[in-house]
Structure formats: C-alpha cells, structure tokens
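Each in structure tokens, the structures are laid out below.
Two complexes follow with chain A in common, the first pairing it with chain B and the second with chain C.
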Partner chain A sequence: MEIDLSLVDWSRAQFALTAIFHWLFVPLTLGLGVIMSIMETIYHRTGDLKWKRTAKFWMKIFGINFAIGVASGIILEFEFGTNWSNYSFFVGDIFGAPLAIEGIFAFFMEATFIAVMFFGWDRVSKRFHLASTWLVTIGATLSALWILVANAWMQYPVGMAFNPDTVRNEMVDFWAVALSPVAINKFFHAVLSGWTLGAAVTLGISSWFLLKKRERVFAIDSIKVASVVGIAGIVLSMITGDGSAHQVALTQPMKLAAMEGLYEGEEGAGLVAVGVLNPQKEYGNDEDPFLFDIKLPKMLSFFATRSLNGYVPGINNLIEGGYPLPDGSEALSTEEKMQRGKAANFALMDYRAAKKENNTAAMTEAKERLDENFSHFGYSYFTDHAETIPNVPMVFYSFRVMVILGGYFLALFILVGILSWKKRFADIKWLQWVVLLSIPLAYICSEAGWIVAEVGRQPWAIQDILPVQAAVSKIETSSVAVTFFIFLALFIVLLIAELSIMFKQIAAGPEPVVNTKK
Partner chain B sequence: MAQIKSVSDFLRMYVDGFKNMTWGRPLWVIIAIKLFIMFAILKVFFFPNFLNQQAASESEKSEYVANELTRPSQQH
Partner chain C sequence: MELNYLFYQHYWWFIVSLLGAILVFMLFVQGGQSLTYSLGKNEKQLGMIIRSLSRKWELTFTTLVTFGGAFFASFPLFYSTSFGGAYWVWILILFSFVLQAVSYEYIYKKGNLLGKGTYRVFLMINGLLGPILIGAAVSTFFTGADFIVNKDNISDSLMPVISTWQNAWHGLEAVANPWNVVFGLAVFFLARCLASLYFINNIDDADIRTGARRQLLYNTIGFLVCFLPYLVFLLTKTGYTEDPSTQIINIEHYKYLHTLLQMPALLVVLLVGVLLVLAGILLTLFKKAFIKGIWFAGFGTVLTALVIFLLAGFNHSVYYPSIADMQSSLTITNSSSSLFTLKTMSIVSLFIPFVVAYIWYAWAQLDKRKIKIDDTDEDY
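Moving on, here comes the complex of A and B:
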C-alpha cells in the first residue's frame, strides 16, 4: 500500500500515549474499588466508625482518580474514527457492540451508584450504601470486561464472518466473542493486576502516614486490608498470566517467540529467567540472540504446551513453517500465508468488480476464494517476511519487567502482611520507605504488561486479518503529529492536576474522629 | 439528615451533595474543562470522522474502504 510509514508510526504512538495515560487510572479504580468496598463491609459488620472513616478516606482517593481518568478512554474512540478509519469500518459491530455495552454500564451503573456512595451517607440505609459501593466497584469491573473483550477479539478474532458486500466483519456468535479463552484470561489478568496496583498504592500511602507518625491506627488497618487484597491480586494475576501466556502460545506464537527472544524453536525449550539480547541480532543473520542468558530448563515448553518436552516454534520456524502443529497438521510458512493473503485480497477485488457487473457466477466463485483464504487476508499487505516480527527487545524486556516486578510484589505483600498482622510493620521504617517507593513500580509493572500485549501483537491491528498499515487512515502525518503533542501537553496537565489534588487530600488525611462506636 | 423516601429525596441528595462539596469542587471544574476540550475542541477541530469526509452513504464508505484494502491487488 502507498502508505507513509511515518503516518503509521505517529498514529501508533498517539494511540499508545492515550492508552498508557488511560491505563494509569483504570487499574487504581479497579483495585481501590475492592479495597474501599471491603473496608465499608467491615464497617457494616462491626459498626466500628473507624472503618467508616478509613473507607471514606480511600473513597476520596478513588474519587479523585476516577474524576481525572473518566472519559480519557473516549479519546481512543476519537482516534479510531480519525486515524484508524479502515480498521473501524472493517471491524463493524464486533468492536462496537462491546464498547456500547461498556458505555451503558459505565454511565448508568457507575454514575448512579457513585453519587450514592459519596452523597448518600446518612441518607440511605447502611446496607443500601454498602450495596452502592460494591456496585460502583462491580460496574467499573464490568466496564473493563467489555473493553477487554473488544481487545481480546483483536488478538484472537473469533465469532465473526466477513461480508464482502459491506466490507465489514459481522458478529455471528456473540458468546464466542465474549467468552473466548483469550478474552476470559485477559479480563481476569488485567482486573487482578488492578487489585495488585490498588494494594501497592494503598500500602504506599499508608506507609507515608506511618513515616509521618500520623494516623497510626488508620494506616495499620489499611495495610492489613491492602496486603490481603494485594496477595490475592498478585497470586491470581500469576495464575491468569500463565493462562494468558498459554493462549498466546496457541493463538499468537510470534508474540511468544518475541517475549522469549526465541529464534530457533525446540522441544523442551527453556524459559529465559534473565537475559541480555544481542543488539546485532536480526532475522536472517547468524548472530546469537543473547549476549547473556540464564534459562529455566523446559519451562517455556511447559507453559506453552503443558508438556515439558513440547515443541515451541521460534521466529525462524514461524517464518519458514513446516513444523508440526498441535492438531497434527503442518505449519504454513509466512510465504505461503502471504500467497493466501494475496489470493483473498484478489478475491475481494474480483467480487466487488463482479458485483458491479451483476455477474452472480463470478461473485460466487470469488466469494469461495475469499472464504477459503480470508484467515490470511492480512498477509497480503506484506512484501518482506520480517514485517511479521514485532519489536523483539521491547517485548522481551517488558515481559521480564512485568514478571520480575510481579514476583517482587508477591514477596513484598507477603512480608508486609505478616509483619502487619504481627503488629511489627509500624516500627520498621526502612520497609515503610520501600513500600512507599514501590508505588511507581506497580505502575511500571502494569504498563509493561500492556506493552507485552500490544507491541507483541504488532504488526497486526487484528491478528492475521488486518495489519496496522492497512488499518490506518490516509491522513496527513503532520496532523497526527500535532495532535500527539496536544495530547501530551493535555495529559501532563491533567496528571499534574490529579497528583496535586491527590497529594493535598492525602496530606489532609482522613476526616477528624467524632466517636468510636455507632 | 433526612432518609430518602421518594424520587425528590433522591434528587435532593444530588443537589445537596453538589452544594456541600468541598474537595470534589475542583474535580468537577477539571472534568468540565476536560470534557469541553475533548468534545468542543479536539473532536470538532482535530478528530473528524475520516470516512464521513470521504463518503456520504454506507455503500460509498464500503466502496472507499474496499478500494483502500484491495490496493495491493490493484497494484499487482
């Protein structure tokens, strides 16, 4: 296609910037939602006002985060319509339906119950207020569900059929889209990672109060709840992360190969625990992929195939094909996929031409060719096999950052949890500093996970069906560059506003104590 | 404070809530400014619907996108 690659790069950069900004707020909303809901539940059960006070403080932090983050995701939808119009039209109702459901949930559930949560103390029963708080949390989680279903479909397009008359994909099986194994794993992994981040932020802020020798009871109570949520979040994130990695092995083997810097496939493949990639390594040369690496023997095969000796293809094998697939068939080479993609592309052109001439026989014949080859449609846009490889260093290192920080947070949450339940954490200053300074690490971990998912998906907008260079609108590169910098400035201002309001409210602390029992 | 017993009580909760807002007030100002920038400036001047500019009807949009997507075959 005659598309300026810098246009694709700017469009991708702008989308990435917006998504990264949006994802600063979403996981804290998900995680803090659970934490404040649990705190209010304890208040509801015990009647102890200290828990109401504690829950209200964290609701305030939740509210600030929610307010600054709200609607920032809509900018992504602007970008779909302007920068990614071919994609937006091509995906049809498959992408629109989950986003519409998300909009309804976000608006009605969150907007209604968040008002009761903030304004309804003393106006509704304690039980109804508690239900409202949980419904805010559940609403936010359900919003995330539909966004993640839409995202999962891009990674693993199922439940659809391409209509050459409309040039759109049409949903033929809603449940196949909503309940695809990729969507289920992605949903739980992303939401549970939000619990982890919420717990890390709660622990960090609570540690700040301890370091300042303020609000000791409030801080320790918060730490107890957050450490439990954090342990649950990170353990379940690891389990669902394993599920996600297994799905990647099945549906996006090139992404897995990039995650591991694996060029030559093997049986009993080891998982790189620590490694430094060789910057000279490119597809097609004989350089060693690593300058240094330590592997866990057979673990990559186990995670990818559930067998210690299972075969995991590398980048070279995925391009050359010929290796056995789990269903017993032989993998196609990228060259063969490109030929099939071109056949599908020709068939679409022939179908449209035949339709204009009202030649039904030719339409039927072209439609058969299209259906036969459509699963490789996106390969028609490539001229070089190497175009199918994502940015290996970015995916490889992001994956390690996510996993290593995940392990770090598991250890930290367990340590803090044990010490707080033994009433010793409040006296260990150095650990309080460590917990406080770990807040940015939780964000880095969370964003690194998305880099693995999204950069690893490249060059695809929709896996195997539509690459980014075909998805992009033919607009001026300079206009995308200009809006990139407008967004950058806007996001920085919003972030500064959020942080300044949040820091001010954290410094103000929980509301003054009135009495202890009600 | 009066418990909610009717729809008007429910609406009163919103009115009182906004009236008595303390730390939430600057947040609403930020939300309003943000939404204004997003919908009145960015959407209008920087993010028009690209396909709507290329084609008027759904069939014309299909034709435009089909033309774009089959460019590799056209160049062959």
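Moving on, here comes the complex of A and C:
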C-alpha cells in the first residue's frame, strides 16, 4: 500500500499546529524568566520589598505560560513518534540524544526549582530562592538549547554517517552536531528573540498600568528592566539573525531563494526591501516574479556571500544546476540529484541483497556506490523537480514581516529606554498606547520567524536526506485528521482560558507582600 | 556482537528501566488525583489534596518525558514502532497528561474559564487513564503487539515506512488481551496505595489521614488481586528469546521464570522490593502514628518495577514481541542506538546522581512543613 499524500499533509498540519501553539508560550517564558530573575536579584541585593512584589507579579505571568508551554511541548515529543515514526527510526540515533539530554539536564532542573520558586518563598532562604529562580530560567534556556540543536541538525545534518546494515543514520561526532554553526546561530537567535518578546509583553502590560493610573512605581520599575532586556535581545537577535541567514545561504540555498522570491540568480543581487509577489509566477513559466518591488542593491549578495558581487542562485538555477559553487565545482541539477538519489537507493538494495547472500565482494562494491551518492539519498523519493520548491509566498512574506517588525521593535525599545532613563515615559500617553498595542506584533514577529525556518526547509524533514513523505508513520489519514481537530479544539479552549486568566491576573495587579524571611 | 556494545546496550536498558520504575512510583500523583473526591469532603480538604499534589506533578510529568526521550535516544526502533503503530494508546496517554499539566496551573486561578470542578474532572481523567494505559502499554512488553518491521521498505519510494501496524485499531486492541487490562489495573491500584501513603505523610489533617488509611486497605486488596495473578501469569508464560549468535528469535517456555533463576540478583531485588512495599503498607495500616510508609513502599515500588522492566529486556529476552511476525520482535540488541551514541549518552547519564541529589534536596526543603488546613491558596 502506498503512502497517501493527504496523510503527509495532515501530519504536517498537526505538527505545525502544535509547534505554532507551543511557540506562543515558550518565548515569553524565555524572556520573562530573565526579567523576573533580574528583578528578584535586585530585591536580594537591596532588600527593597517593592522588587519582591514586582518579581512575584511577573512570576505569576510566567507560571501561567510555563504550564501550557510544558503541556504543548510533550505533544511535540510524542508526535515525533506517533506521526513521524519513519523519521524517528531513520535518524533517532542522532536526534534522540539531544532530547534525552534535554530531559536529564533541563526538564528536571525546571520541574524541581519551579516548585521552589512558587511555593518556597516562606519555606527556603532568600538566597536559595533566588538561586531557584535563576535555575528555572537557566533550565528553560538549556531546554531551548537542546531542542534547537536537534532542529538545527535537521536543517544541516552533520556529524553522522549512514549505516547500511542498520539502514539508518548514526552519529559519529557529537560535537559536530552540538556545535554546528547552524545550531549556534539558531540557539542564540531563538532565545534572544524570546527576550525581545518577553520585554515587549512586560513593557506593554506596564504601559497598561500607567494608562490606568495604577501601580506607577511598579510599572516604571518593570519598564526599566524590560527595556534593557529588550534592547539587548533585539540587537543580539539581529546579529544572530544575520548569522542565521548567512548559514541558510550556505546550507539551504533553496530556502534563501524562497525568502527572496529569487528565481534567476545573479552576481551583486539586491535584497528585496518591499515587494509584492506575482501570484501567477511558478517555476518554469516566464512571468515576472514581482508585481512591485524595491531592492537594496547588492545587499542580498553581501548578506549571503559576504561579498557585494557574490553570486546568489535563484530557484531556476537550483533546479537546473550548472552555476559555479564556492569551491569552484559546478552545481548539480535537481534531475542529476534525483538520479544520484536513486543510485544510492539501488546501491542500498544491492548491499542488503548481497549481505543476505553473504557476498562480501558485492557488498563492498554496493557500499562504495552508496557512499558516493548518499548525500542525495532523499532525492530518490521525488518524481518531479517542482517538489523540491517550498511555498514561496509564505516564506517570502513571513521573512519580511519578521525583519520589518524586528526593526520596529529596535526603534521602539530604544525610544522607551531613553525616555524611561530621562523619566519622561510615564507621562507620554500616546507612546504607552503604542507599546501596549505592540504586544501582538511581537508574537507575529516571533511566529513569522519560525514559519520562515520551517516552511522554508520543506519538503525536507532532514535536508537532502529524508523528505516529509518518507518520514511519516503509516496510519490512516482519518486518524490524523481526527486528532488534528481534537488538538485544535483543545488548543482553542486552552488559549481562551489562558488569556482569560492572564487578563484577570493583570487586572488584579501585583499583590502586597510582607517580608517573612530574614 | 562486540562485547563493549553489549555492555552499553544493557546499561541503557537499565537506565530506561530505572526511569520507568521511578515513573511507576511517581504515578502516586495520578493515584492521588483519582482519590480526590474519596478523600476531600469539602473545599478545604480538596484544596489541601490538590496543593499537596501540585508540588509533585511536574516531577511525574518530567519523568515521563525523560523516560520517553531516553527510550527514543537509546532504542529508537521501539519508539518508531510503538508510537507510530499504537497511535491511539499514546495519543490517549498524551491527551490525559496535557489535561493534567494545565489543570494544576489553572484550577485555582480567577478567570479559568471552565471552573474549578472541570479541572478536577480533568485531573480525575488523568488519574484514571494515566496509570491504566501506561500499565497496559508496559504489559505489551510481555504479551506482544501486532507489528512488522521490514527495513528494506526504506528503498520503496512509494511506501518507505519500515514499521507497520497490522490492524486498524492502532494499539486499542491491547485491551482485548485481559492480562494487559489486569496489569493496567494493578498499576492503577498501586498508584492509589502510594497516593494514600503520600497523603498520610504530607497532609497534617486527621480526616484525610483516616480516609487515606481506609483507601490504603481497599486499594491494597485491589492491587494484590490484580498483581499476584499477573506475576504468576508472567512467570509461567511462554516467552521469546534471541539466539545471540544468529539473532534468530525462538520460543522459550517459562522464559521469565528462567531469567529470574538464571539471574538470582533480580530475584533478590524483586523479593526485597515486594517486602518493602508490603512493609510500608502494613506498618501504616497497623501503627496509627506511622506516617513514613511512602518511603518504604516507594522504594519497594521502584525496585519491583525495575525488575519487571529488566525481566523484559535482559537475558536475551524479546522486550517487544511481535505477534504478527516473530522475527520482527524487538530486543535490546536489534533495536538500540549505535555504540557511539550509547557511549556519548552514558557520559551524560553520569550526571543523573547529581540531578537526583538536587531534586531530593529541593523536595526536602519544601516538605519540611506539612500541608495544613489553615494554609492559604496564595501560591495559586
């Protein structure tokens, strides 16, 4: 029985739904974790109870988001097995290790010390409590580290070798996996974007208190801390974002071409600052890719190759090949890659047949063919070149939304930071409204970044090695469709409940505290 | 098979078994949730019960996640075969744990949309489904599942999935085997016994302690009625064994009894575990002032469950028998990660005692003061 393509689509939809839902909560906990930890540190150093009160308020907001982040996180872990079982087998030897390390190092740290953070104010010393709060934040960040290492490996599979005896990829260099440039950029970019979102939410809620003429001291103190975290977060996000884009150019050129709507490659390519894609444009037709666009000359070449005149391939070039690669060789066409993928596949079949017959010479010969062609193994599952092109409009527009909003938050945080430092922000109502209304924009920016990363790497589950149609579980499409709608209903209810609780908690404001510890 | 590789495969089966055993102990949280309405007769008592459990649920949850992660990393073929095949069982387990996680955080929050009662029902659902389904899933380590593994499928571009389930029930068919249900119920009653012992230790309230002692008696009877026949079934059952030289899987009568006799250390640990469980229960039932039964029974549960997991995988046993194709069955040698990955993770596993130590320390700090009726709900 063949794999039904609608099964692949439903499985992708279910995973995307869960990942998008999960990422509503995780970045806030990453950013808010740092903010509340700094606040408690100030309380610890000064002994001023207003900082304890401030920290406790943001901890409650943290807790509401943390629980639902944990709940949606376990769904993702399970879905690797339930919906992507072939993937789990094919690369579990590499992908599973970061997940296990995440559990041992990060999850237990978070689970243990969050209980101390919430229930330990009157039960443990101030020092131990502060340490627990920081350990919760560190645990959340470590958790992000290992899952992002795993994700980066899917986008840039390194440190592994294919074993035809076990028919799977196996890890041969742990540090190549953990410290790949893609992983490092991805980790810092994702975590620092979490700081940005955490700061945007803190600033927005604090502005609401100022607009309501409530809790002025609490709001101003929160703004001071959040604006510093926000500026650090967005500046470093931009630096690591540039690093990530450069890595995409090196390792996933098709994703970069989709991000730019670039069909015909060129030297000295311009970066599209603003543009409207032509909906009629498809690979293979002569339509202009854009209805309208404004380009920054040579900037795409600079960001992609670190040279103003560097060559950036477009979608057509990536399909047709023949352009020069940085190492001086000539790029293969997709057709040639598909042939090599099929050659690898035949070699694997020959190897296994020879092994059953105990024919050592044939095994050696097949293994040589396999090794020669394995880097294109995943192309053996395609029948059409166009299958290798991701959804260009979704990637193109998401990238622009992320970048434009990133620039907006840089300007906003700097403005709020300066006015806060000059003690004027608390009196500028229009700006408080702007900051408050910017909260949803931070979420849109954050989700847009993940859409670029994940839709842009389609159709690959693992770049060049395993496309999504070869990664799924063999289950009935109807089963996945049913669970999709169950999760959709669950997520909607949980999101409404979460927002309702958040709004009540915010409206109630910080509670009065008394110092019960020495 | 390289000796070094065999060592690491056994080491990781031990680690996974230990995590599984700790998970069985930590299911006392689920047991407690299922006892909520039996022990909490008014809002104050219900509040104390939820507050007591809310300090521990994350550790159970984390143990489950780490158990899954460690299984994935060390035996990926099991993860892909079982999760991708027994789809509905894992989805139900998952669903019930998601409800649990959210319920603890939201139950006492203003504006929680669904109301306190609904979140208590969610906790009850997790308290019932969690132990029974996890118990039934573990039982399939001995009773088998309906799958076929064919690694050559990877070369078939139209149907490349290597592990395929052979029926459309996708795991729900496990309840058709009564022994899976019996083991699920045994785990359920054990979780309720442990929860009763935990409440007696953790909540300073005479009514709840009296109720918990009563529940301890009832659930101990339930546990013994399910567990003892299952133990007899297990020790007399025909199992599968792998020939280490050919990797061919054969039938072996009294497989698990043989393993216990050939590995007397397991037998000793099993007996010590069972005795500790009984000691924890009996001392609590017969000595009114005794509140430390959870430590005896908890440690005993870990030892007993550890032996059951080890019985499934050690001594060349098949730990996930295929009832569709015997040679597709999974053993710790044919389903493990590579030697390199197992070695790498073994280095990481050396940190586990450190993790256990800080959990113990933090737990002790929080539990220095018992839960009392006049505690406020401030922390919620």
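Following the convention adopted for this analysis, the second predicted complex is superposed on the first by the 506 of 518 C-alpha atoms of A that agree within 3 Å, B and C clash if a C-alpha of one lies under 4 Å from a C-alpha of the other, contacts with A are read in each partner's own complex, and residues count from 1 in each chain.
The criterion applied here is as follows: contacts are C-beta pairs under 8 Å (C-beta built on N, C-alpha and C of every residue); 3 or more make two chains touch, one makes a residue touch a chain.
This one's a predicted model, so the numbers in the text were calculated from it and none came from an experiment.
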Quiz prompt | Side-by-side fit of chain B and chain C on chain A, or clash | solution = clash
Self-check item: Dominant toucher of chain A (residue count), chain B or chain C
Solution: C
Practice problem: Answer with first, second, both or neither: which of chain B and chain C does A:Ser380 touch in the superposed model? | Solution: both
Self-check item: First (chain B), second (chain C), both or neither touched by A:Ile114
Solution: second
Quiz item: Touching A:Val26, do we find chain B (first), chain C (second), both, or neither?
Solution: neither
Exercise. Determine, under the contact definition given at the top, whether A:Gly96 touches first (chain B), second (chain C), both, or neither.
Key: second
Exercise. Tell me which partner A:Asn345 touches in the superposition: chain B (first), chain C (second), both or neither.
Key: both
Quiz item: After superposition on the shared chain, which partner residues are touched by A:Met171: those of chain B (first), chain C (second), both, or neither?
Solution: second
Self-check item: Listed stretches 96-104, 186-194 or 258-266 of chain C, narrowed to the one that overlaps chain B
Solution: 96-104
Quiz item: So which bits of chain A does chain B touch that chain C touches too?
Solution: 1-2, 63-64, 67-68, 70-71, 74-75, 78, 81-83, 85-86, 88-90, 115-116, 118-120, 123-124, 166-168, 345-346, 348-349, 352, 380-381, 470, 473-475, 479, 483, 486, 490, 494, 497, 501, 505, 508
Exercise. Enumerate the contact residues on chain A facing chain C in the complex.
Key: 1-3, 63-64, 66-68, 70-75, 77-78, 80-90, 92-97, 99-105, 107-116, 118-120, 123-124, 128, 132, 163, 166-168, 170-172, 174, 345-346, 348-349, 352, 380-381, 470, 472-476, 479, 483, 486, 490, 493-494, 496-498, 500-501, 503-505, 508, 511
Quiz item: Of all residues in chain B, which touch chain A in the complex?
Solution: 1-4, 9, 13-14, 16-17, 23-24, 26-28, 30-31, 34-35, 37-38, 42-43, 46-51, 58, 61-63, 65-66, 68-74, 76
Quiz item: Which residues of chain A touch chain B in the complex?
Solution: 1-2, 60, 63-64, 67-68, 70-71, 74-75, 78-79, 81-83, 85-86, 88-90, 115-116, 118-120, 122-125, 164-168, 342, 345-346, 348-349, 352, 380-381, 470, 473-475, 479, 482-483, 486, 490, 494, 497, 501, 505, 508
Self-check item: Sites on chain C touched by chain A in the complex
Solution: 55-56, 58-59, 61-62, 64-66, 68-70, 72-74, 76-77, 79-85, 87-88, 90-91, 94-95, 97-98, 101-102, 104-106, 109-114, 151-152, 154-155, 157-165, 168, 170, 337-338, 340-341, 344-345, 348-349, 351-352, 355, 358-359, 362-363, 365-366, 368-369, 378-379
